[in-house]
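Input: a single structure, listed below in structure tokens.
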Amino acid sequence: MTNWTIKGASPLGGPARDLYVREGRIAEAPAPDATVIDAAGLIALPGLVDLHTHLREPGREDAETVLSGSRAAAAGGFTAVHAMANTDPVADTAGVVEQVWRLGREAGYCDVQPVGAVTVGIAGERLAELGAMAESAARVRIFSDDGHCVSDAALMRRALEYVKAFGGVVAQHAQEPRLTEGAQMNEGELSDVLGLRGWPAVAEEAIIARDVLLAAHTGSRLHVCHLSTAGSVEIVRWAKSKGYPVTAEVTPHHLLLTEDLVRGYDPVYKVNPPLRSKDDVEAVRAGLADGAIDVVATDHAPHPVEAKDCEWAVAAMGMLGLETALSVVQQTMVATGLLDWAGVADRMSVRAARIGQLEEHGRPLEVGEPANLTLLDPAAARVIEPASLHSRSRNTPFAGLELPGAVHATLLRGTATVLDGKVVDR
Amino acid sequence: MSAGPRRHLLSTADLSAEDAMLILDTAAEFARLADRPIKKLPTLRGRTVVNLFYEDSTRTRISFETAAKRLSADVINFSAKGSSVSKGESLKDTALTLEAMGADAVVVRHWASGGAHRLAHAGWIRSAVVNAGDGTHEHPTQALLDAYTLRARLGGLEGRRVTVVGDVLHSRVARSNVRLLATLGAEVTLVAPPTLMPFGVEGWPCSSSYALDPVLPKSDAVMMLRVQRERMDQAFFPTEREYSRRYGMHADRMAQLPEHAVVMHPGPMNRGLEISAEVADSARSTVTEQVANGVSVRMAVLYLLLGGSEPAIGTEDEGERR
Amino acid sequence: MTDVTVPTAAENAASGLRAPAPMRAVLDAAAVQRALTRIAHEILERTQGADDAVLLGIPTRGAHLAARLARQIAEVEGRTLPHGTLDVTMYRDDLRLRPARTLGHTEIPDGGVDGKLVVLVDDVLFSGRTIRAALDALADLGRPRAVQLAVLVDRGHRELPIRADYVGKNLPTAQRETVQVRLAEIDREDAVLLGTKPEREAGR
């Protein structure tokens, strides 16, 4: 294992100092054999943690694998990702979650923490064996039918109650199904102009409102996935003010992009929940800044070319996110003065690790802590080119955009997964 | 294959008033052909026009086919029946096939909103694309033939009051008409039950009303939209009887219209639902004229897009976004 | 039709003719009038009273010339010949070489052209291609007994075996020269002007 001396980094954007990594942990003094990383001008952050990643394996290895997805994660500065359950087969048994967890360990680019399905086959009918997944080698703590909403109120209530037995959290994809049948984009003036079936904000907000009340009633942990509307932010803020056990996430694309991009009918902008209005973008930024929204989660959703190179209506929903998340947050939150780098560390690592109950992640950059960290060059700028991404898919909505910041190095328990801006082959 | 720049007709929003008037004036010249022994012109000889229909619409397809043939273009019909289109071949693969065949123009009817836009701008083909109806988005040539019919019947469009009645929410005809008529200076009023009124209608260049009767005496033309019966099952309105009573055009309502006013319908009609047989067959009805005018207007569009070294109308090609 | 570039739709909208190079008059108003009078008389003479003649002018200026000829013949004969217009745009062989143009108006007088002596009227005879297109257009309208051609100016440089039956003025020109007929109905004066094309347009 390599030991490191990181010279002149700014931890969380603070005063520059040297960081020493020895035997996979942050150390008091440099190891005699340490390799030096010149980190002047770089910001040191705890390794980023993604609560919402679609790695597609098993089932859609043409779009992404645990290996390709975790390389993309490392390139984006992540040291841990939560692999969503909507694979094929669905991650609704101990066997599947252990398989994904093991593939992540074998790949070795970041910790792959499986998310278990709430219901069998994410069909929204019967509870999956949540306990078995919790007790498996994968130690599942987050359960989600992501992509589908647990719309049945009674089932949602039972799921919230049941996970209390092992300290789990239910992560809800909030989408009232009847209000979004055939929905294609945010409902508003533009959806009417384009003739695309509207996806009303109320379809998201109604479920979140119901769920925060259920969480309060059951005293159980609710996590709201990728909230996207101003109303959703208000509801979560209200729930938190009441002390309800609720957390929430927002995606990078909902922090930056608006529905106007749909005008050209290019399905690369088709996503669930849909891109919303400018007001919504401002509201989610404000919510992330004031803590109503706890974390940025990518909802990294790789799709093969043919799933996007088609008519809008038949295209798959979802966007790549891992390799651009930190840059988007820098542009939307740091450059605007809404968050400082400590805030970024909090929203992209500390709170995410806490929600996912990952003990080795999201830790302070202090002596004795596991050396999971990311070095970011905030002064760099890059034009996003789909072909240069590490994901197996190319469906980034940021193609051609110039975004600030570049990940210079990522360390996973002291092992470099990214060095000099390049993913280290293992 | 033309070497010059290529343009498309995807939406009436893309047409300036000058473009629209050029199309209508050109159509008026073509309309005169109908009285001649030889109705065919050699203008588009050697050009290939493909009718790519992902949705059944015999009326629209025949109209475009007649228009193209009267201009001596070669016409290839690709319909959802009996071709690879129905076997799950993607729009992209079909487009690449058409490109290989050297189509100069593709007239596309697609069930998906944006289907024509995608075909035009995804970088799959170099042909001009004419939108013959895409999902619930637009149907620009229908609006052009409606404008042509209105101009012929009312002597002009500037300041004329046109009322569009029915399922505006799901109507590509309404969308295209509102934009085109506004461009041409007409005053449009949309009438629909609130469930079938577009969500953001306040932003449209028209006014709106939930009640039909107060609007009738102030209308120079009333355009009745087709109402699909399945909307009833989706709770957009309670029963056919109630819809017809509140929003249908029947003799009593027709009597409230000014003397000169006309009643239009893009067809196919649901007689007895949105329009009574008495109205449909009356002298005020322009239904059959609309069909005849459709051919002239589509000839004008094809001629202006394909007739020269560069098109005279339509939207510039965007090229690849990246 | 003149060999001045036919305006495209866009140009029409923008207004007017392109700025011409300096041009000099080769026929003034009086000369134009004399030429038309002579043509009118020749038509009457050669068609023995023009009983079954129909004058069809090719838009834009040919149409005005046909109307004038019809008036002049009426002054002599005391009866007005049937006259109308024949747009040849859709029959041109160079449609694809230029932007799509606006259509002219075709107005066939009552009685049609079947069995009639059709006199086509145009302002300038040049390559002959416009007349070729006119003959095709005419064939789609019916079967005249015979077709003749009257032009105000014949400037030579024929590219097809076509000749005029009535010529107001033979005007030997170079290829690089342009001939512009101006008529009071649309140009506020009667004149025939000769000029030189700008270099970059010479090859068109």
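By written order: A, B and C. Residues from 1 in each chain.
In this text, a residue touches a chain if its C-beta (ideal position, glycine included) is under 8 Å from a C-beta of that chain, and two chains touch if they have at least 3 such contacts.
What you see is a predicted model, and the numbers here were worked out from it, not measured in a lab.
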Connectivity without subunit B (remaining chains kept where they are): A | C
item: Central chain of the complex, centres being mean CA coordinates; value: B
item: Separation of subunit A from subunit B, taking each centre as the mean of its C-alpha atoms, in whole Å; value: 45
item: Centroid distance [mean C-alpha coordinates] between subunit C and subunit B, Å; value: 38
item: Centre-to-centre distance between subunit C and subunit A (centres being mean Cα positions), rounded to whole Å; value: 74
item: Residues of subunit B touching subunit C in the complex; value: 2, 18, 22, 25-26, 29-30, 32, 36-38, 40-43, 71, 303-313
item: Residues of subunit C defined as touching subunit B within the complex; value: 8-10, 13, 87, 90-91, 95-106, 136, 140-142
item: In the complex, subunit A residues that touch subunit B; value: 184, 187-198, 264-266, 306, 309-314, 399-400
item: Residues of subunit B defined as touching subunit A within the complex; value: 90-92, 110-115, 117-118, 121-122, 134-138, 169, 172, 175, 198-204, 318, 321-322
